[in-house]
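Here subunit A shows up in two complexes: once beside subunit B, once beside subunit C.
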Partner chain A sequence: MDNKMCNITQSDSDDQENISENEVELTNRVFEVNSEDLRPLFLQESHLSDHQLLDEDEPFWPNALDDLDGVNINNFFHRVSSDQVIYQAKKRLKMIGKYVMGDLLGEGSYGKVKEMLDSDTLCRRAVKILKQRKLRRIPNGVQNVEREIKLLKSLKHKNVISLVDVLYNDEKQKMYLIMEFCVGSLQGMLESTPSKKFPFFQAHGYFTQLVDGLEYLHSKRVVHKDIKPGNLLLTLEGVLKISDLGVAETIDFFANDDTCVQGQGSPAFQPPEIANGLDSFPGFKVDVWSSGVTLYNFVTGQYPFEGDSIYKLFENIGKGDFTIPGDIEDPLRSLLWGMLQKEPEERFSLQQIRQHLWFSKRPPLTEAPVPIPPLRNDEFHCMTVLPYLFDHYYDTSDTASNLQYFTQRQLNEEIMKREAEQNNGNAQPNQSSKRRWKKPISCIAVRKLPGCKQS
Partner chain B sequence: MPLFGKSQKSPTDIVKALKEAVNSLEKGDKKAEKAQEDVSKNLVLIKNMLYGTSDAEPQTDIIVAQLAQELYNSNLLLLLIQNLHRIDFEGKKDVAQVFNNILRRQIGTRSPTVEYICTKPEILFTLMTGYELQEIALNCGTMLRECARYEALAKIMLYSDDFYHFFRYVEVSTFDIASDAFSTFKELLTRHKILCADFLEVNYDKVFSHYQRLLNSENYVTRRQSLKLLGELLLDRHNFTVMTRYISNPDNLKLMMNMLKERSRNIQFEAFHVFKVFVANPNKPKPILDILLRNQDKLVDFLMKFHTDRAEDEQFNDEKAYLIRQIKELRPMPGH
Partner chain C sequence: MINYEANISSYETISTLGQCFEGMAVVHLSKHIKSGTLVAVKRFNMDRIKQEAHLVEREIILTRQLQHPNIITYYVAFVHLQEVCVVSPLMAFGSCRDLLNTHFNDGFPEAAIVLILRDVLDALEYIHKKGFIHRSVRAGHILISATGKAYLSGLRYACPIVFNGRWQKQIHSFPASTARNLNWLSPELLEQNLQGYNQKSDIYSVGMVICELANGAEPFAGVATTLMLTEKVRGCVPELLDCTTIPTDENSDCHGDCDISNTVVSRRFSDDLHELATLCLQKEAIIRPTASQLLTHPIFKLTKKPLFLPDLLKPAMPLSSRVAAHIDEVTNLDVAQQFADMELYSCEWDF
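Moving on, here comes the complex of A and B:
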């Protein structure tokens, strides 16, 4: 229906959300429109007309509009053809304490994760932004986060994510957890490949680092309880970092053994003793099991236990019967058997894993390693803070002629494309989408800055 | 040696030549200068075979395997280490590089050099005594730490009598050697958790009587570093048994209480992390409880004023508050 109005009103309501998800700040530049003409009445209708909008090629004002309660709409709305409503991508500098905010890196279970730059040390950081309002809705949300912060502060190891700083904004009810910068999770890497698995040598490299990190955690009496590829992050240098200690449990200092009573991790990675609902179980062996499932997943692209529902899954895990694909040979095969033993007492200890043949032997480099998937088409994972700094400190008026404007139609096309891409299960980066949109998203005139490419 | 292109010498020739050169260097006859030159030259040749150069790739696996085999058969590794102090500066570094490379070599799941050294533990002992000689101490240190990465070799070193020399090496007056020795010492005691825990348990009395000396050292750095390491060892879950034993000895508690009052704030702080374990222990033996009770009021007062400027360190403040509460609530054992 009334396309043009929608275009304008949308920018304030509906689309603004979509866009901000993609981290493009839009400055609405409306030409020949008097904003007073906008009535909230049409805000709602704008949602309905979304789809039509996208298909329409040439903005057109249908006569049918005159039906609206017999009022001639042209009297209160100034018509603007949609190709005249344009937006401009903008990177406005935002500081949180001494940190400069960059673009979105991903979304965790508790909130967004963005890139940051420490303006004192120039270290790249990642920030987990937690909204207290959201946190309160999650059972034990606040306590879990507080516990995790405390825990992370007391840990220091190469293969465990380190918490650099915690900032609070009481006004906005937000919490900023500033962490080491990582480029992505192993889960994301696995998903980016067709076979959903790693070559043996790559799996071996990550697995040995995982065991190093776990051994440290266990030496600090911490049971992680949620080891899985999604919680294993990688730095730009390829160092593995165990993250997300939200459900981790610390064994009492004077406890005689590592007995735990609560199992809270991800179902597919839970050991039989938790699936069967035992009252208590040895904690460290839980991490051994989920590391076993993780290794199984690395090398086969599958899970040892599956099920249509969580009940079915737990039933299968509880039985403890699984198979290892035939192409997995000894010694890896026997390592997986050892780690996925149903009885915790018979399951390997970290020490046994360390002494296992597969662990000590570095598999040969057979094929190209799975690369870290690009972030918004940027395979180098360049620092996203830079454009903001550039915008803030350099006079961009001379580049005004280069300013990129784009219309609602282009915007919608891009959103459609992105959705399509996501629905296609993260297919290869869409080539055609680069054509129009690449520039507005990426940094403005970033070419001018020498050495902005992170090696 | 040809001016251009690769050397045509086989590993056998090089190893033989190097061995002869080292032997005549050892004898110290008049051709010493010539021998020194030959040693350096052949070491560089071996190093280049293993690492390659800017315009040559490392040699193929077959050549390297041959070279390693020759080194084992001729016992050259030991000979090189025994004469390390006679070799010139660059040569010493080359020996360390060659040694570390050969050590890391793997065939399938086997590490042949590690197996070889297990049969020739003199290599390890000679390396350890290297800390006695200033000019080779640091070279020996890098080789020792590389060895310590392998559990089998770490075990030989830990269980040898020479290990106790480390308690002396970490205290020597030359700072760089003392710190190098300390990092090797720490590596040996922390790298392989189960091995170390077993070692400390079995040799508890001997190790901790030596360790006591470090904690009482005249040298500030030694005192501070050894106290920090002690904290790390005791707080590591793997060393649970050792920790339980350590915190039931009243002498250890007295020592820590004295260190809480040391002039250095850093030492006070490290001592706090050991002291807290004594207090937090839910099953305090009577002698420990008695000491704490005797000092109950003084300790509470002391802790109230202890490092009050560490406001930003939440964990420390929580722990301190916990300790104060614990000490206030201490009561004599029933029946006494």
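Moving on, here comes the complex of A and C:
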């Protein structure tokens, strides 16, 4: 088959707001049907938007010559039935400055987080991609991000995520926050286990690092305000990094104490003083409370306070009554009590936590630690940049026999299947399927509703 | 035993030997005034090092911890103004990299490679036993003394295998400021995934050093780092260049750079050396031999009378005998120092 006809590459259209989590560049190739009769002409490489590609039954060729009236059009254009239009999943190399773009790692509150590779040092990095347009829609979005950048630049500690670089693309209105690479959050690890909790020694290892990081932040007059397992990331080495300082507050240098007035963190981790809507409260004790809830979550797999709605939840937190499961024994039990004291003044300080018996004594290794869950079936979390580099350096399209081509029909079926899954409330990404496509733009964009569940 | 004082005034600078640590440190040839012995004084300009200060600290602590006849020793380390100075014995032939640059552009003769290699492997065996991974084994970090002994240096990139009192099966840390060492690093270290790496990573670097010493340049020299990465991940095994590995027919254009000299094309390294390199450069770290296993390789069995490395390195001359001829450079040095200091003023203010 003669396949040298048309090679249409679909551009990564940034206008779409509603694209699936896995962006796959699609290369459209048209294969000639009857090569003896028809001679393909004037087919040039062009760019098509996602919309056009998915909606046209026939391939869309924008370079039609309209001043050629009397000419038999079949000499220039021949009909190609839709099952002859095929798409090819392709990983095309994309560079942002000196960084090579990799796959999606997760979705933050403000945008996507992707993997990157520093082409100078070959060090793996993570990048938070922020779209100005999206940011403006979030209350305080732009200010929060600017404050976070300024804050992260001034911080340097083993247990606090470090900002490596900030890049701007004015044309695309995008901002790239390049950070240390992490393999996952403690939240993800907890969710991957049936019991949703860590063995004591593992919880102890993470908790001590959390306290180290918090102590540093507080010494820099920074109140994190959003400590939770989802914001505690792990590096390949297993070092805990406190991340997401989006709602953190820096206490003024000349302030008398650590009084804060605003609480913006995740509801389940908020202390009674915020749940009760107090005008002001001591800031550092907020982080102690959230760390207490986090530790409670590590060792029990549950939350000390729950509620069907945010109101119920805050009501329960406000009362401050909670129970600790019976299997949690004393030094740990008293530590949790101390950290979850309703009155901020009675609540432990970081110094008290550090001096606590449970903190200073490492629990024995009793069972296998909870491992970092695999990312898209890859238990080793291999560099996702590699396939892009392979594609760039080696002409895989000709040599690789496992390359997959898809027709329009298959593509539509795939899309319909996905939609059906979503309508059934079964929106889980199809893990087994290697093909994932951009969702078609629908008129009704289904936005994630903010709930009490922590993001 | 000479007592080396922790004071810069006890050392008289004779000349500059070279730079290291990306130009942030200078190595001076100096004379210890009291005893008259020649020493090397490495001076780290801490004003310029800033972020990597802990690397200097680590290098000094670790080097002073380790004691092995094939690892560089530091007599004394001290602070002088904005500099950290380290006094070490003079390595009269300089580093293998210097020798390759000055006298052996196409690589060392095999006998010299084997002698150097044995010393390096001895040092690595010791380092690994002590629970460290060197992570920057390269010709530039192998120094040759006047008596022809090879010394391993560059311990600032090393990392401990023992954490929290436990010997780790895998290490995951990616060395900081390692851009210049990338070509020598093993695929598993570069991949930075959860499989991690261990001391076998150093063995891969040894394989790279064998190629470097034999070919005159390390494999992937001048290649884009990202391409080097994909090549290593794909399992591309670099080779020693000689008549067995360079295709003779003109048509093959797999060696685009046609500046390979005739000596390279006509020489022939022993099968043992080829085998040693490929053993070290295996992609699978598990099947790569350890330093101890490599030392039992037949290539190191000296059946003939022992060779003397300085003889093999001719026409290169040890520094100590060259010093007399260059003693008038001392006056120029002051000027050079002034120029170096001027750079301080060009650095940006950072509040």
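Just a few scattered comments:
Everything below uses one rule, namely that the second predicted complex is superposed on the first by the 318 of 455 C-alpha atoms of A that agree within 3 Å, B and C clash if a C-alpha of one lies under 4 Å from a C-alpha of the other, contacts with A are read in each partner's own complex, and residues count from 1 in each chain.
To be clear about the criterion, a residue touches a chain if its C-beta (ideal position, glycine included) is under 8 Å from a C-beta of that chain, and two chains touch if they have at least 3 such contacts.
Remember, it's a predicted structure, so these values are computed and weren't measured experimentally.
Residue contacts after overlaying the shared chain place A:Phe380 against subunit C, while subunit B stays out of touching range. When the two complexes are overlaid on their common chain A, residue A:Leu122 makes contact with subunit C while staying clear of subunit B.
By the touch criterion stated above, A:Val100 is placed in contact with subunit C alone, subunit B being left untouched. When the two complexes are overlaid, the chain among subunit B and subunit C that reaches more residues of subunit A is C. By the touch criterion defined above, A:Arg333 lies against neither subunit B nor subunit C after alignment on the C-alpha atoms of chain A.
Residues of subunit A touching subunit B in their complex: 150, 153-154, 215, 218-221, 251, 253-254, 331, 351, 355, 357-358, 360-362.
Taken together, the subunit B residues at the contact with subunit A in this complex read 106, 108-109, 111, 151, 193-194, 235-238, 277, 280-283, 314-315.
By the touch criterion stated above, subunit A contacts subunit C in their complex at residues 100, 117, 119-124, 181, 183, 235-238, 372, 379-383, 386, 389-390, 393-394.
If you check the complex, the residues on subunit C that touch subunit A are 171-174, 178-179, 182, 190-196, 224-227, 229-230, 233-234.
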